[in-house]
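Next come two complexes built around chain A: one with chain B, the other with chain C.
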Partner chain A sequence: MNPVIETKNLSKWYGNVLGLSDVFLQISSGITGLLGPNGAGKSTLLSLITGQIKPSIGSVSLLGERIRNNYPLLARIGYCPERDSFYEEMTGWQYLTGLLKLGHFSSSQIESLAEKALDIVELVEDKHRVIRSYSQGMRQRLKFAQAIAHNPEVLILDEPLNGLDPLGKRKLISLIKSYRQKEKTVLVSSHVLPEIEALTQQIILIHQGKIFAQGDIHYIRDLLETHPHKISIRCSHPRKMASEFIHKPYVLKVSFGTSQDSLIVETNNRDGLFSIIPSLSVKNNIQIDEITSPDDNLQAVFDYLVGK
Partner chain B sequence: MSIKERGYTHWDGKLKESRFPWWPISRLGIRLTFKKKFFKFFFFLSLSPALAYLVGIYVSERMEEFRFMVQESVSFLQINPNYFKSYLTGDFLYFMIILILVFAASGLISDDLRHNSLQLYFSRPLKKRDYFMGKSSVIVFFLFILTMIPSLVLFLMKLIFSGSFKFFSTYPWLPLSIIGYSLLLTVFFSFYALFLSSLSPNRRYVAVLILGFYFFSDILFGIFKGIFHSHYFSLLSIKSNLQQVGALFFQQKTPYEISWVFSLLVLLGVCVLSALVLRKKVQGVRIIK
Partner chain C sequence: MIHIKKGQISFYWKSVKDVFSFSFSLGKRTKRTRVFYLLSFLPVVMALVIKFAQYFYGRTDIQGIYIFSNIIMMFYLQFLILLLALFFGSSVCLDELEGKTLTYLTTRPVPKPAIILGKYAAYSVLIVLMTGAGVVFSFLILNCENLGDVSLYKILLRDISVLCLGLISYASFFTFLGTFLKKSVMVGLIFGFGWENVVQYFPGSTQKFTIAHYLKSLLPSLNTGRFSFLLFRLEPTSPQAAVGMLFLITGFFLVLACVIFSFKEYLFED
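Let's turn to the complex of A and B:
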């Protein structure tokens, strides 16, 4: 099996400014989150993947074909740009059908595809209203509709959740997630960590034009052996438990949580720590209520990788 | 198999390509132009010179009946290549072309810049060449209606009113001249208008530029000619250059005492410069350095 999106040695300079440096990526089906702060190079990478800008060095292939100047291939991609791209005086229907016309569909196909896309994003009732009168959420959904209308195999979404209220975000997140079931490839960029976490576990971390990490969020976290893992344990006798832990060489720090029944252990060997917890619990008759890893999330990984 | 292990199976089929991918852009551009306020009035007004020239051809064929009306204008009513040249190089026609460009062309690219639509266009199976074809064909549509079509109709009406092919056998090259010069006008004004339209995301500003460049070039020519009494300054004027080359197409004496080659080079230079600027300005992703 080949990766759906593949970049090799991809670099882009804007004059003397580095946009992207030496990016090797292999992206498979499903949803992949592209995460990085503003100015990290996310939009540059997406523009290169959609063939809109020419790489300074390297290559991008999509579905096994080079994307640059491969115009028919663009029919298999749906792209949702970050910025609003609307003719405000057009209706949602005119906007969508107008863009579908560029995709070489027949008139009857255009109507049915537009109707279906508007139905998916729940804009059927508002399709004849001018875009100027649309709310931010409706605009984002219309932008998403134009990306999915031609039933593409690959969806590239640049900050699709920007400016949405929580309800709008939830709707769009569930819409994007539905594409996982359809076995499509979705690449979503965002600088907001919880948004990506809500969408996928597959992430690409990008910062200052470089890829810091790629893969499953938990897997990436596990790779960072040098960075201590924090494990929070809620139990009946946290101090007793702590006294047992401090004898272990891979336990680096033990502290107590704000509540009386929890302790936080920092370790550089998470598996080792997890393996002794059951025996300690039995030996000391300590009831374990909960074990969590507070830094096993995207924020912690991201902060660590970008050196915060 | 977990979703992350899935790739794709290569498909060897042929992707569908349209023969005229630019057509939806043209159609939309033409439709939007006709929706503009006052456009229809100016559009029909721009056809009035063609109507006047048609009446001229009719009167010239019925000179005896209309002699009381024409009196001193007999020389004007001699139907020859100069008659067609005077239609296609007339000040009023140029003015109407500029006015039509203000309506039809000012927003062609600038509206796309204003609405950030270029990245949507270029994320579709659409080449940059198709985009330019679509945009320029809007201008071509309107300018052909103003130049080539009426001129050919005038030629045809001359044959019909005279009831013989004598005019055609005398000037067999004239239809080609009409087509050639109309093409030159259309190509030049397409580049001119698209170039200016790509300079700003504000359509009104572009409209001012379309009018301004045309008249300013002519005013500049007038000022320098007045001071230095040299015909070479006609090269500064868009109108004069077009008239110089027009005279060549219709095998007439050039209005200024300089070679038409210079004028042709100036017009070509404007087209090349416009093409270079358009290539740079029209990008799916706008790069801010």
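Let's turn to the complex of A and C:
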């Protein structure tokens, strides 16, 4: 399958400051999370992908076409910027219909598209209020509405969950996730790990302008062979289980969890450990209640990758 | 090939129209527009005061059209159109940068030059309407006894045309400055109230490096009393050449603004 977004050797300098370095990416349809701390180069990458800035080196293509100065292609992209900036004197309705007008739609199309987008973000009742009077959550939803209003094939969302309350976040997360079913391509950036985890398993890790890893969270985890994996096992006889594990060469450390029925095993061979658990369970008559990997989340992978 | 070119032209034209419509709707809501709208009605207040004073003191020797010409020269030509063109022209690009809203425009399917041309056109119409309203009202008040005199309307039409030419040419220059410089308002003030107000009185052809020279070339050398020096010009340009030059200046700076805006990368300061 052809990638929807492709970057080759993409680099960007702001004078002597490196914004992005040698980025090769292939992003297919579905939701992809772009994760990195503030100043990692996320917004620079998204600005390059949407053609707002010119690469110093390398190229970007979107839907098989170059993006820079390709104005008709912009009709197929929805972009939600990170900054909380609006035309404050306009009402939500005027803002949305005005921006749709720039998409060259007819008046009747504009009205129906704006109405639909406002309905999706639940702002219909407040559409005639000036944006200045909107709450932070409403502003964020309005910004999202302008990105989706023209029904784009590709959605680029720069920190869309910033400033939202938990309920607002949950709503927007489920909204973004609904685009996966519509077979759209969504690239969403965040510096908050649980946000990305809630949205997708497909991630790109970025730090100091460089891509550290790209792929499924488990795939990335597997890349880190030297990094010890933590496996938490909740079972009927944790001490007996621990004594079995302790002799295995790929088990680095065994400790007991906060609850009396759990133990945590650190290993550098996760597959090997998983393969012996059933036989040990049968041999020692131990009932296994739950196996989890506490550090199989983005935070652990990210911390390890950036050397924190 | 011709078909493609026609398609491109119609795409550009449609983009300019759409940006115009969006920017006009946006521009008329801003606080700046309200402030300058009030300011543009200052001559109307002046005209009312003068008229009342004439009635109270019984001084009817000074003709209304004479006072009107002075207002055009002193207030509009030397002050208001410069100020309007400066603040609206430079804000074509600067507003979007300072408000960090430029992204909304540059991620739409509109060519970058169309953004500049559409916004410039919208703001030009706004400032022309502001100026025109004030001029017409002050004309009507100052000439209320001679409203049947058709020749006076010719003067009104000529003066409005000159002011419109001044607005579009100054606005194009300030639009260029706004796309090019961060401190464009400061540079614009120095240009408008420094260069323009000083160099236009230089002898020889140096005065032709000012927009004011061409605007004044379109106005008759009326005896404006103690302000007559404002019309002083050593080498007047013919009206046709002056109009041509003003359009040339407008076109030149607009093209320059479009080119800069298309190639320059605007970075927001967070």
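What we mean here is this: the second predicted complex is superposed on the first by the 308 of 308 C-alpha atoms of A that agree within 3 Å, B and C clash if a C-alpha of one lies under 4 Å from a C-alpha of the other, contacts with A are read in each partner's own complex, and residues count from 1 in each chain.
Rule of thumb we're sticking to: a residue touches a chain if its C-beta (ideal position, glycine included) is under 8 Å from a C-beta of that chain, and two chains touch if they have at least 3 such contacts.
Since this is a predicted model, take the numbers as computed values, not measurements.
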Chain B and chain C placed together on chain A: clash or fit? clash
Inset, instruction - Examine A:61 and indicate which partner it touches, taking first as chain B and second as chain C; both and neither are also allowed. - result: neither
Quiz item: After superposition on the shared chain, which partner residues are touched by A:98: those of chain B (first), chain C (second), both, or neither?
Solution: both
Could you say whether A:72 touches chain B, chain C, both of them, or neither, answering first, second, both or neither?
-> both
Is A:214 in contact with chain B, with chain C, with both, or with neither (first, second, both, neither)? neither
Exercise. Determine, under the contact definition given at the top, whether A:189 touches first (chain B), second (chain C), both, or neither.
Key: neither
Have a look at where A:29 lands relative to chain B and chain C in the superposition and call it first, second, both or neither.
first
Larger residue footprint on chain A, choosing between chain B and chain C, goes to B
The shared contact residues of chain A with chain B and chain C are 14, 50, 52-53, 71-75, 77, 79, 81, 83, 85-88, 98-99, 101-104, 146
Residue set of chain B touching chain A in the complex reads 3-11, 15-18, 21, 24-25, 28, 111, 115-117, 119-127, 283-285, 287, 289
Chain A contacts chain C in the complex at 14, 50-54, 69, 71-75, 77, 79, 81, 83, 85-90, 94, 98-99, 101-104, 146
The answer for chain A against chain B in the complex is residues 1-4, 14-15, 17, 28-30, 43, 47, 50, 52-53, 63-64, 71-77, 79, 81, 83-88, 98-99, 101-104, 146, 153, 180, 183, 185, 202, 216
Within their complex, chain C touches chain A through residues 11, 14-15, 18-19, 21-22, 25-26, 29-31, 99-101, 103-112, 262, 265, 267-268, 270
